[in-house]
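Structures for review follow.
Look for chain A in each of the two complexes below; its partner is chain B in the first and chain C in the second.
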Partner chain A sequence: MRIEELLSQFGSQYVRALLTTWELTALSAAIAFLLGTAVTVMRISPIRPLRRFGDFYVQIFRNIPGASLLILLVYALPYLDVVLSYRTCVLMAASLIPSAFCSEYLMAGINTIDPGQIEAARSLGMTFGQIIRRVVIPQALRSSILPMTNLLVATMLTTALASQVPLNPRELTGIVAHINTHAVGGVTAFLISAFLYCMTAVAIGQAGSWIDRKVRILR
Partner chain B sequence: MSMSQTPMIEMRNVEKHFGDHHVLKGISLTVKKGEVVVIIGPSGSGKSTLCRTINRLEPIDSGEICFDGKPLPEEGRALAALRSQIGMVFQSFNLFAHKTILENVMLAPMDVLHKPQKEAREAAMELLKRVGVDSQAGKVPAQLSGGQQQRVAIARSLAMNPKAMLFDEPTSALDPEMIGEVLDVMTELAKEGMTMVIVTHEMNFARRVADRVVFMDEGRILEDGTPEEFFAHPKTERARDFLNSIKDH
Partner chain C sequence: MRGAGLTVRDVLYEAPGAGTRKKIAVATAASLLLLALLLGLVIRQFAIAGQLDRKYWFFFARGTTWSFLGKGLLGTVEVAVVSGILAFAAGFFLMVGRISQSRISRALCTGIIEFTRGVPTLLFVYFFFLVAPQLGIRLHAFWKITLPVSISACGVVAEVLRSGVNAVPKGQREAALSLGMREGSVFLKIIFPQAFRVVIPALLSELVIVLKDTTFAYVINFPDLMQNASVLISNYDAMLSVYLLIAVIYCIINYLLNKAAEAVAVRGKEKGGAK
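Let's turn to the complex of A and B:
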């Protein structure tokens, strides 16, 4: 099947799939960011069990393959009487793993902050929470824009896991499998999805560089 | 006034170790309200550590430290509240790198004292004017010279209306031509009656501004007297050696 035919027959489904991929990416990334930030705060807190838990969390989710995590969520959780929708399972897999990386990038950003600034904040009477919110996280974020940009792309690619479960509407990888069972799309069907992934990644990369230039901290 | 009889800072038999290293040995020191105490001594004598124990940036092993009549609380909200009453100026300025000069001075008054933004801004501009860096208010710290950054750091501390100020080698990281501008601000503060504990190597400043000079060596306070006494007639051999060693250059 030629590309014109594919597009005329499945064009609107591709658009829908692209929007679905964007939606899954945005949701997963938002959850990953919130979880990653929370875990990072645990990892730098003065409370040892919290630090331990945070490190453990990161080790687990940084080192588990996405497909394995998805299989566990879909097939193992029901044994514990937890039955989640396919969509929830995909969102969890695509946010838990990136959340571990998000925390690692934030930790790297935190390490760029001169400890003297923390001492200054303490000496001004700021509490742990205030120091985290006003001094640590803003600086860690500004110096981790570029890795976070990569993480957003990686999160998008992780949402392709959704192709492994029956999800409606389908996202960019799922649509390819769908087309190839209904028509002979061949490798062209893949290439269209790949192109859309690619364009999205380029846009994310551009936006990331722009933000990085805007907020970079002068040292 | 009976209040003025309570010392601002009182340290009794303070002991502190870093691992095997015994940094503070039986330190007892009283600083009255409005007094300017300069701590001098060779490097490694424990003077910076002493300064940092006063707002408990360094916890102590044993002994007691009272600020304005109250013992320092354990780490937590009460300690944060107490720290907000003690200004501290560091050797390396430690301004918040991601915030403008003005925001640096406004942050703690808004977050800790819950001042409205407008009020905090006006007070901050006033202080920046006082230390002579108001024209730099919109810049970030990296765009300022060391001397300017240190003056901003002093303004940032003053914005909390502290009862006392600690200076931990405030001019040691500065180029020589910038030391004067920082010392001038500190001299003004001293004249206005601020209670100050200053760790420094600036002997002329100590002579001019200090009410008392404390000489430390190897974790102990060896001398504690007026600058006239100390510089003219040091009582201990260690102090004489120290003064001779810095006189050479």
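Let's turn to the complex of A and C:
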């Protein structure tokens, strides 16, 4: 199928698919960041069971394949009398997995701080809250901009899982499967989606390195 | 207490006084209780839904179940290993192209790398599953999953290898050149071996991603672990228990791979520090 034909027939669907991918990505990334932060707080807290739980959580969601998690949520959970909508399942899968990586990046960001800084801050008489707010968080956030950009791209790639469930409207991967099972879309249908994904990834990457240049700490 | 491996996580708190220790003890007890409650709720939900019933679990005691799953796992490992090798080979050439002198080759390889990194594996899977047959390309199911997985990994491998090459000090190349070695053999004999050693942990982490991506094999009915699991499910009508077990198997394999990567990284650092 030629590109003009394809666009005249499916053009508006592509626009909706792109917006759906963006929406899923933004929502999942926001949830992933909140979850990841909460888990990181647990992992650096002095309460041992919470630390262990945080570590366990990260290991689970860092290592489970996305397809496996989505299948569990969609097909297995109803057997526990927990029935979630397809959209909720996709959002959960696309935010639980990145949340584990988010926590790993935050931990790495925290660990780039020289322990001597904490000791110095304490000997200046700063309280625990002050140390966290004024010494740890500013530095950890600044040094985790680039990993977070990568995380945002990874989250976008994870939202392709949505093509495995009947979601309406479809996202960029689902629409390629849809067009190719209902009409002969050929390579063009694939390339349009691939191009839209790539442009989004490049835009995210550019924005990330711009912010990183502004806030990076030169050591 | 104050070893060399001191991290921020360890020094964040000063040695707690009596009052704080009491607070921490209370919080510890409360959080233990809360976690136990959570676990209890999950188990209760299993019990209420009847999922603890013997009929959902008894077949895990049978040898045939495990040999069948083992066969599936073998399929998964086959796909992962071949994809890994292909991705490494392609990644190597992309990396060489990206650092070459020729501007055209640099632009081309950068383009390919960015493309493979920006497109989800599933889209590549659908390309080989739905689009390739329209072009008259007939592939065995094995390649329909192996090719997309390796394509989506090769860009990352190229970037990982490039970061390794950049980490080798410039003096190494200059010294080798002044000894009369040619540019090509300097790269293959001096620079690349050192670069490779640096990036082994990152390559192992990428292997985890490859292994995760192989789960999409069910889309094209290739008999991997996931696909064999669904056969098991239709035999015993036990969706939850089987999929749960499969998830645990994947988690354990990937966990071990990640641990191996960490161990290699630590050993590499120790060697580097001993110099």
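Assume the second predicted complex is superposed on the first by the 203 of 219 C-alpha atoms of A that agree within 3 Å, B and C clash if a C-alpha of one lies under 4 Å from a C-alpha of the other, contacts with A are read in each partner's own complex, and residues count from 1 in each chain.
Convention: a contact is a pair of C-beta atoms (placed from the backbone, for glycine too) under 8 Å apart; a residue touches a chain by one contact, two chains touch by 3 or more.
Computed from a predicted model, the values in this text were never measured in an experiment.
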First (chain B), second (chain C), both or neither touched by A:Ala76: second
Which partner reaches more residues of chain A (counting touched residues only), chain B or chain C: C
Partner chain(s) touched by A:Ser12 [first = chain B, second = chain C, both, neither]: neither
First, second, both or neither for A:Pro46, with chain B first and chain C second: both
First, second, both or neither for A:Ile217, with chain B first and chain C second: first
Chain B versus chain C as contact partner of A:Ser209, first or second or both or neither: neither
Touched partner set for A:Ser85, first chain B, second chain C, both or neither: neither
Touching partner for A:Arg122 - first (chain B), second (chain C), both, neither: both
Where chain A meets both chain C and chain B, residue numbers: 46, 113, 119, 122
Residues of chain A touching chain C in the complex: 43-44, 46-50, 53, 59-60, 62-69, 71-72, 75-76, 79-82, 107, 110-111, 113, 115, 118-119, 122, 128, 131-132, 136, 153, 156-161, 163-164, 172-173, 176-177, 180-181, 184-187, 189-190, 193-194, 197-198, 200-202
Chain B partner contacts - residues on chain A that touch it in the complex: 46, 113-114, 116-117, 119-127, 130, 134-135, 138-139, 142, 217-219
Touching residues (chain side chain C, partner chain A) in the complex: 6-14, 16, 24, 27-28, 31-32, 35, 45-46, 48-49, 51, 114-115, 117-123, 126-127, 130-131, 134-135, 208, 211-213, 215-216, 218-219, 226, 239-240, 243-244, 246-247, 250-252, 254-255, 258
Footprint of chain A on chain B - complex, ascending: 55, 57, 75, 77, 80-88, 90, 92-98, 107-108, 111-112, 140-143, 153, 156-157, 160, 166
